[in-house]
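Each of the next two complexes has chain A plus one more chain, namely chain B in the first and chain C in the second.
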Partner chain A sequence: MKKSLPILILLILLAVLPHIGVSSYIMHILVLVIIYSMIGMAWNLLGGFCGQVSFGHAAYFGVGAYTAGILYSKLGLSAWWGLPLSIIVVTALSLLIGSICLRLRGPYFALGTLAMGEVLRVTAENLVKFTGGDVGILLRERTWVGKTWYYYIILLLAIGTYLLVKKVIESKLGYYFVAIREDQDAAESMGIDTTLYKTIALCLSGAITGMAGAFYTNYMGYIDPKVVFNLHDISIVTIMVVMVGGVATYWGPTIGAIIMVFLAEIIRSNPGLGAAHQTLFGILLIFIIIFLPNGIVGDFPKLRRLLRLGGTPT
Partner chain B sequence: MSLLEIKDVSKRFGGLSALSNVSYFVDKGEILGLIGPNGAGKTTLFNVVNGFYPPTKGEVFFKKEKISHLKPHQICKLGIGRTFQVVRPLRRMTALDNVIASSFLHTKDKVKAEEIALEALRFTGLYEDRNVLSKGLPLGKRKKLEITRALATQPELLLLDESFAGLNPSEQNELIDIIRQIRAKGITIMVIEHHMKVIMSLSDRVVVLNYGEKIAEGTPKEIGSNPLVIEAYLGEAESA
Partner chain C sequence: MAVQIELFLQTLIAGILLGGLYALIGIGMTLIMGVMKIINLAHGELMMVAMYISFWLFTLLHIDPYISVFIAGPALFFLGIGLQKFLINPVLRVESILPENQVILTVGIGMVLANLATIFFTSNYRSTPVDYATKAFYLTDFWKDAPIELSLSMAWSLSFLIAVAITLLLWFFLTRTDTGKSIRATAQDLDAALLMGVNVRRMRVVTFGIGCALVGAAGCLFLPIYYLFPSLGGQFTLIAFVITILGGLGSTNGAIIGGIILGVFESMTATYLGMGWAPVGRFLIFVAALVFLPGGVASLIRSKKLGK
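Presenting the complex of A and B:
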């Protein structure tokens, strides 16, 4: 009861937020934060808990986004059908990518997924008949003009993701994921089918990321390969969101998403710094790896100690 | 009745023949000691039985079933647990979580998995350390954790790879007791060991490997007086 009270307050706060006169710009930032926190949680399932570091989550995001986009542009259906359908499409994609990349371990897996993300971007750029190529896909009318309903939908999706991740990690699957992360050979000799469970982690992670992509199409009303398959803005920022917030923690991706999105906005809106935002992200990442390797949530006690020592030297 | 049959097994790594034509049985309920000088192929044999390496030639049967084409997790599920010579704890998990991860093999229910794990931890005397991160445990306890983890998969055959190396005499005696109790539960044990005292006091039978070949097999007493075995070990001493 005591533990659920702050969460209840947080939920009520999030629910009334659109009705207290928050500007459309802030609402947009919030939606972005929630999208990144959702992809971050998905990445964390695979990278944080199962130890398979992916540099190619843009692949799932992009294919999810294009599932929604193509349903609209080619079949004339509502792009919202992309949300359920992206689960199927992206799971199939995850199985394909997994069958290739999960044979690799450690940094080789990371490089394999990086390549996959780029391959899909190039494919989307060149399959002009299907994807519209660099022209992209434009939804002629968006479902709502205001941001409120989009905000509620992505909030629900993110809460669903949070609950799913928590449920998975506290079950047999979670123990197996962490066992695989810690020592794949030991896990195998404990009777864990490492290939199967890595594939499960990848499919779950991919499907959630794909749904976020499908939502993105509906929300933005326009997608093109350079945006939704973007190596930096999707794949790398997702990793940073998790690294900054806390690898293998429940709240890490959310905290990381808040920090990263606001930081990006602040830097970009400053004309003197704007162009250097990737450089600053790089410096931030180095700082985090050296001083807070477990992220803000994971190293919270350490962080508090550091700040207290810095604040009042006794 | 033989539980495990190793039939004419050879394992080559490129030009190096790590095992050549090794054959023997492990009977149900016995403790079989596997000894031999460094590099004799003992751990390679474990890796073949456990499924990490497919044999280049020959077959392994467990309960009359051919297992030499299976993967390690399938072999574990059939009932063969193993420990590693160089301990491999799941470092950022507590001792309890290490064992729970392994006791999930025969149950999906977390409460039940935890029960099995706690029982296994009590059995090996790690219950007090259950909430310690396994990377923080001293070597003796990590070795025990390996055994506990293997036990939690509820094996019929347990492969112990140098569980005694690096332990002090009192820890060794404690572990001898534990292994005897494991056997008393009806679990068959194959153990690789360098400590002669341990092998002689634990094993019912001993198999000796040298340069990948089986050079002797018999009771500890027979092995102790076998000229081939003595030569293999003295040869090792001279070259060292």
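Presenting the complex of A and C:
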């Protein structure tokens, strides 16, 4: 009971947040934080726990977003159907990408996925009949004007993701994932079918990211290939969210998402710094990798020692 | 029919010329990959830096881009050494969960370089208006009654020839000099090289420098025939990576063949399918290489040699 009390308080706080007069701008930022923390958790499942660093999560995000968008623009259905459907579509895509990229290991896998993300972006730009090309897809009517319901839906999805990740990592599957990350050959020789489990991790991670993408279409009401397949704003920011927050931790992606989204907003709203936002992100990334390689949550003891908050180190 | 053949041959020539330059970019990456076992995702951005050096040398001092190869190349060599010493080496020593940290680090370096270029030089498209850019050789100049007409742009062929010369020089360096041999030894077996008294740490630094210098030279050669803008790096990083996969990881000969295959394939897709599809052709080849030829061209060369 003692342990679950802070979480209960946090949940209640999050639930009443839209009703205490928070401005629409802050709500938008919160929704973004939750979207990024959801993608971050998905990335963490594959990258942090299973050790397969992906540079191409924009591929799943974008395909999820376009699943919802095309349902609306070509079939005339509500874009909300994209949420369940994107799970199927993106899982199929993950199987395909996995069958190609999981032949590679380590950094080569990373680059392979990066290439996949780019190829999907170029495809979406060129398949004008299907995706509308660079013009993108615009949802003519939005479900709600306010942001409250969007907030609740994405919050629910993110909590579901958190529970799923926790459940998976605490099960046998999670141990397999960590074994693969630590030493793939050793895992293989212990009788773990590494290809199968890496594919499972990739599919889970992809499906969650795809759902976030489908939600994004509904929330923003407009998508185009340059936004949803963006290498920097989706794939690399996702990696940064996890790196900053903490690799292979449950709360890392959420902490990272809060820091990254707020940082991005502060930098962008400052006219002097706005143009330099990628430089500052890059420097932050370099700094984190050199000094806090396991992120804020992962290196928390180290951080506390550095700031001399923890008293005497044990 | 003659028109068809003409188009095909013209595309083929353009592809080979492009491939020669691609090979130079690919060799830089494959050297770094072979010796240091890391992927340099800032490769294209380093090329962009060299292109800006060359561009400003041309605009302010009227130095021809082909001459600035010898200025930008060394400049990039020292930039590479600096990056390796002060950023990449410290990360190699840090304990972390993910060994891919170095790759992510090079992403960070690339982001900073691209963004700084945008801030200082704006995101305008630039090019160097060299006077020979529009000159070309024509087949009918040499052979009066040729049944088909082919042209060869002067800038393209010059770039190609210099790229070939640099590649030959590099080959000479790697096979004939002590430093070159030490680099190859480090790439083949790090521990054995260490036991043979090779200063592995220094070889790493030198290799990173050479890799950067090569891509810098390639940047100068691209400048007269291509546009320059701050975000062009990402696309060339991907090209370099596709070449190294195609050629076989860490293989220099493979990178040359891979570069030419990619160049020809790209110019074919651009001619017959449309410009927008050229990047997709690039990745189709990448996927095909991974699925059907995981070891790259290098594995083919090797199996031929062993078969004898």
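FYI, the second predicted complex is superposed on the first by the 308 of 314 C-alpha atoms of A that agree within 3 Å, B and C clash if a C-alpha of one lies under 4 Å from a C-alpha of the other, contacts with A are read in each partner's own complex, and residues count from 1 in each chain.
Everything that follows uses one rule, which is that contacts are C-beta pairs under 8 Å (C-beta built on N, C-alpha and C of every residue); 3 or more make two chains touch, one makes a residue touch a chain.
The structure presented is a predicted model; accordingly, all values stated were derived computationally and were not measured.
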item: Which of chain B and chain C A:Ser189 touches, first, second, both or neither; value: first
item: When both partners are placed on the shared chain, which of chain B and chain C touches more of chain A; value: C
item: Touching partner for A:Ala179 - first (chain B), second (chain C), both, neither; value: first
item: First (chain B), second (chain C), both or neither touched by A:Asp134; value: neither
item: First, second, both or neither for A:Glu170, with chain B first and chain C second; value: first
item: Partner chain(s) touched by A:Ala110 [first = chain B, second = chain C, both, neither]; value: second
item: Residue numbers on chain B that touch chain A, as the complex places them; value: 50, 52, 71-74, 76-77, 81-82, 84, 88-93, 97, 100-102, 104-105, 108, 110, 113, 149-150, 153
item: Contact footprint of chain B on chain A as seen in their complex; value: 170-172, 175-176, 178-179, 182-183, 185-194
item: Chain A partner contacts - residues on chain C that touch it in the complex; value: 38-39, 41, 87, 90-91, 94-105, 107-112, 114-116, 118-119, 234, 238, 241-242, 245, 249, 276-277, 279-280, 283, 286-287, 290-291, 294
item: Chain A residues touching chain C - in the complex, by the definition given at the top; value: 47-48, 51, 53, 55, 100-101, 103-104, 106-108, 110-112, 114-116, 118-119, 122-123, 125-126, 181, 231-232, 236, 239, 243, 247-248, 275-279, 281-283, 285-286, 289-290, 293-294, 298
